[in-house]
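Each of the next two complexes has subunit A plus one other chain: subunit B in the first, subunit C in the second.
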Partner chain A sequence: MSLLAQGLALGVLTGGLYALLASGLSLYFGVMRVVMVAHPAFLFLAAYLTYTAHTVFGVDPFLALPVTVPLFFALGVAVQRLLIARLAPENVAMMSVLLTFGLALTIEGLLGTFYTGSYKSISMDYATRSLTVAGVHLPYDKIIAFLVAALTLGVLFAVLVKSRFGQALRATIQHREAARLVGIPTERVAGHGFGVGLATAAAGGTVLALITPFFPASHWVWIGKLMAVIVVGGLGSVTGAALAAVLLGVVEGVVLVTVDATWATMMFYVFLFLALLVRPQGFFGGRLAHRF
Partner chain B sequence: MRTVSRGLPLLAGALAIAYPWLVPNYYLVYAGALTVMYAAMSTSWNLLGGFTGYVSLGHSAFFGLGAYGTGLLVVRLDVPWLVALPVSALLVTLFAAGVGIAAVRVRGASFVIVSIALVSMMNLVVQGWRSLTGGSTGLQVPSPFPGLHRGQTHLVFFYLFLVLLGVALLAWWQISRSRFGAGLRAIREDEDKAESLGVPTAAYKVAAFALSALFVALAGGLYALWFGSLDPIFVFSILIGSSMVLMSLLGGVRHLLGPLLGALIVAPAGEYFLIALGETQIHLTATGLVLVLVVLFMPEGILARFARRRAGPSIPDESADQRLQGVSS
Partner chain C sequence: MARVSKGLAIISLCALALTACAKTDEPGAAPSPGQQRGPVRIGVSLPLTGDFSEPGKGIQEGYQVWADRVNAKGGLLGRKVELIFRDDASDPNRVSSDYESLITQDKVDLVFGPFSSRLVIPAAKVAESYGMLFVEPAGAAAEVFEQGFKRLFYAAPAIAGDHYDYLSDYLTQLPADQRPKTAAYASLDDPFAQGTAYGLRDKLAAAGIKTVVDEVYPPETTDFAPIAAKIAAAKPDLVVGGTQFEDSVGLVRALQELKVQPKLAAFSTGPTLAEFPAAVKGAAEHVISPVGWSATATFTGNQDLVKRYKEMFGGDANEDAANGYTVGQIVEAAVAAAQCADPSKECQDKLTAHIGQATFDTVVGPLSFDDKGRPEQAHMIQQYVNGKVEIVLPEQAKTAGIVYPKKPW
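Let's look at the complex of A and B:
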């Protein structure tokens, strides 16, 4: 029983992190109908940059964020304006996957060349202990990850719901032509949407660097996991992705403590295939998947 | 013109057969065999990707399964390799048909996601099922030709892969002239219209998926017998799948010889990178950048450019008067 509680608690904490990692993917799909396979590669690019900041300058991983977040925002805008926007519109779904796949390979190769293929990790004193509540051990690094994810997602939601930019972005996602008719510069908004998506990757990468060792090819595992999250959640729905992230995090956590790690990872693919077979529009969100 | 277009394939075929005897060393025979293997694989990838437009990044799943199937039959059940190879390929084809029924229900980006997930799943299964497959330490397959030295083995496998390539090209050519091929092309252009015109789209897509898996699995099986040691991380790597896509796109997915041309460019370039730069990861960057450039600037491939230039405008450029004269005479 306590084992199950342990699995549940860890699952909720990890699920929160998955929600952050997948939120960018939902944004890209929302604004451009693009499946961005390179998102996990960018996550690990951020993780490696954080690692450099930590080892070379000796700063706390989170102090790298004021640099990496704006940098990744600019990168995101550049990727959208210079690459994605150039694709022929009739085949954008297929070609964008291949294009971002090429980007992922490019990043992986660069990381492997500069940092070698061996494992890297960042361990902070404050992240190695764990908190014990009613017999359930909660490692501090997982708690920190959850809090950072919750904070980032909170800011993201506030921006999307309250700000003028957020309203323009949501309008672009809901109906591009109509948004353009009421005077929204949809091209620029889409670029900024990509920027925001990649900025979440900067935050997510820093957290990943803190909780898990990583190597250049790590991102492949995450492509499958995060794709499962956004497909189960309903492509394009940030809320759906967040709910699915927690659901899959809990399932993974419970299977991890009751069966083993292979099956825990396998659950993502099982849910992915189930979602595609039973409800291709996703379990949450449904027909309104593109609204928030 | 007609004799040229007939003679050229014959000449190319003769050159391919003579290749191992024209090169100075066994390394180049090895590189040639590798190139022909990739050519056979991308040609069979194109049975699905070229006809239907369904881009699968996960064909390395069938390559790996074909390799492990053949290897396990030989090692665990002592089946002779000549039997193990086709049996394993047939099993993979059946498996692909089963997967295909689920996978081709989704289109576009979702299909690509499914294909990536398929490779990751197979990788997990093979690494996790330690007692059968040897897990991440890999599987050792005895050489089918113990009497030959390493270079002679490369020579034999060069011809085996060449036969496979020939069969795959023949299959593509036959399908492209058949009703089946026309149906698959209709799916690529507009799946809903094809369906409404009575093309059995679901069955056609599953058939194309399984057929393209069959040849890739055969290539995988030959690879297992050739290299003799299987590393699950390599044979189920997404990189092999993406090589097939890159080669096909670069050459031109709508042309019989497109994937072959792509393989003739990409595979030697990859080998050259390996020699010039050593075992670094920068070849991934090179592959990635080429893929980005091809997708951005040449999504129809090299052959499409040449074909368009040679064929000229599709409607003959003549005045109504000239055409009337042509009719009356």
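Let's look at the complex of A and C:
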């Protein structure tokens, strides 16, 4: 019983992390119908930059965020305006897979060149301790990851719902032509939307750097998991992705402690297939991102 | 994109190679005297990118250090050694086509093996089909030796299942009151990693040490806390991880977070890498690992390897580099004995026959092989003692006494 509670608690915390890592993916799809295979590669690019900040300047990993978040926002705008906006609109989904796959390989190659292929890691003192509540151990690094995820998603959500930019972005997501008719510069808004998505990768990468060692090819294992999260959540729905992330995190944790790790990893794909068979629009989202 | 176009390039190269061979390939034909005086060209495909890029590069460096030494003293049979590297991106399909084209198109004189059992098997199939000798640095899983290969030799002290032999002997010979009673095993779903952990598990289980957790996780696993939770619930005396690097670090961190304090913690591969102590901070102390090579050992050529590596690459040599170097040493000795280094069947047969029956002095100690190409020696056991890597088993090689039970992490 206590093992089950432990699995559940760890699942919720890990789910928070998944939500943070997948939120950008959801946004790209919502804004542009772009399948962004390079998102995990950008996560690890952020992890490496955080590593540099930590080892060279000796600062706490989170202090790298004020630099990496704007940098990634700018990078996102650049990627959207210079590369993705040039894809032929009739088959953006397909071509964007190829384009961003190439981007992922480029990033991996650059990381390998500059940082070599050896493992890097950031180990803070709090990374191996845990808080014990009623016999359940809650690791501090996972709690921090969860809080960063909650904060980032909170800010993201507030921006999308409250700000003028958010309204323009949502209008662009819902109906690009209509948005253009009422005077929204949809091209620019789409670029900024992409930038926001990549900015979440900066936050996610910092958290990843804290909890796992990484090397240039680390990003491949995350693509499948994160894609499963956004499909189950409903493509393009940020809230849906967050809920699906926590659900899948919990399922993974519980299956892991009750059955085994192979089944736990498989659960992502089981849910992916279930979603595609039963509810292709996702369990939590509206019809293909037409709603938040 | 890059991958697609590279794939196309490989396909077209293969097609070219096939048409080229159709006319000119005469197996067993003696090479012309002109070719004889050229360099000895050795073809290698390695995972220089992708999952195994790190060990792949280590092995490449080992090969390069060996070639550098051989060339410095005049080459093989008076011919310079030239290494031809291909990058298989850790992809088992790519590795086959790489060896195919190295052998048929580049017409290399010899081939050396790639890294990891997963790539060694497809690569050895190609080498075997062309009758090429295949000495490899890193295919230790049991499956490698069950394919019926006749020309494959694994250039390291022991296959996966025997890595922990000295440790299991030590534990089972402890007095009854000190002997551990329960053990938990967690292993990556990988033939080599599982082989190491299961070798120890089976020997300890036979001696009455109960297996309380036996977990296998897929390579995609990123979260080790729930596995550690399972181990925590079983409160084992021993924790054994059949690991590579990230998972060994993930497990150590998660075990600490879930407050598991075993009397002994052993992980394969991870702790033997220089990055390990920094990645787990203070928790490396007293962690145990099987190791096939030690920088301080005085086996034939070892100090030369350490020195030359530092000159060429700046850092400290590691086990992967040593394994690559060992392959070179064995083939070098075989070439000297057979007095030939060319792809003809006659020469490859002679080399293979020699390696099958001789004993070789290498940087990992004397090596000999059984009829399936399995090495017949055992791995040493290393432990972090006072922050330093010490060899603690066996008796005759040890640099410090084994610490058991370990201090809490």
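Heads up, the rule we're going with is that the second predicted complex is superposed on the first by the 289 of 292 C-alpha atoms of A that agree within 3 Å, B and C clash if a C-alpha of one lies under 4 Å from a C-alpha of the other, contacts with A are read in each partner's own complex, and residues count from 1 in each chain.
As a working rule, a contact is a pair of C-beta atoms (placed from the backbone, for glycine too) under 8 Å apart; a residue touches a chain by one contact, two chains touch by 3 or more.
Here the structure is a predicted model, which is why all the values come from computation and not from measurement.
When both complexes are overlaid on subunit A, subunit B and subunit C end up clashing with each other.
Residue contacts after overlaying the shared chain place A:111 against subunit B, while subunit C stays out of touching range. Look at A:222: by the touch rule set out above, it reaches subunit C but stays clear of subunit B.
In the superposed model, A:76 makes contact with neither subunit B nor subunit C.
Contacts of A:272 after superposition: subunit B is touched, whereas subunit C is not reached.
Applying the stated contact rule after C-alpha superposition, one finds that A:262 touches each of subunit B and subunit C.
When the shared chain is aligned, no partner comes close enough to touch A:197: not subunit B, not subunit C. By the touch criterion defined above, A:35 reaches subunit B but does not reach subunit C. In the superposition on chain A, A:95 makes contact with subunit B only, while subunit C stays out of contact range.
In the superposition on chain A, A:7 makes contact with subunit C only, while subunit B stays out of contact range. Mapped onto the common chain A, subunit C and subunit B collide along 19-27, the only clashing stretch among 19-27, 253-261 or 289-297.
The intersection of subunit A residues touching subunit B with those touching subunit C, taken from the two complexes, comprises 98-99, 101-102, 105-106, 108-109, 112, 117, 216, 220-221, 224, 260, 262, 265. Taken together, the subunit C residues at the contact with subunit A in this complex read 1-4, 49-51, 53-54, 56-57, 90, 189, 215-223, 225-227, 229-230, 232-233, 245-246, 249-250, 253-254, 256-259, 273, 275, 278-281, 283, 409.
Subunit A makes touch with subunit C in their complex at residues 2-3, 6-7, 10-11, 14, 98-99, 101-102, 105-106, 108-109, 112, 116-121, 123, 125, 127-130, 132, 137, 139-142, 211-218, 220-222, 224-225, 252-253, 256-257, 260-262, 264-265.
Contact residues of subunit B toward subunit A in the complex are 53, 55, 57, 102, 105-106, 108-110, 112-114, 116-117, 120-121, 124-125, 127-128, 238-239, 242, 245, 249, 280-292, 295-296, 299.
Residue ranges on subunit A touching subunit B, taken from their complex, read 33-35, 37, 83, 86-88, 91, 93-99, 101-113, 117, 216, 220-221, 223-224, 227-228, 231, 235, 260, 262, 265-266, 269, 272-273, 276-277, 280.
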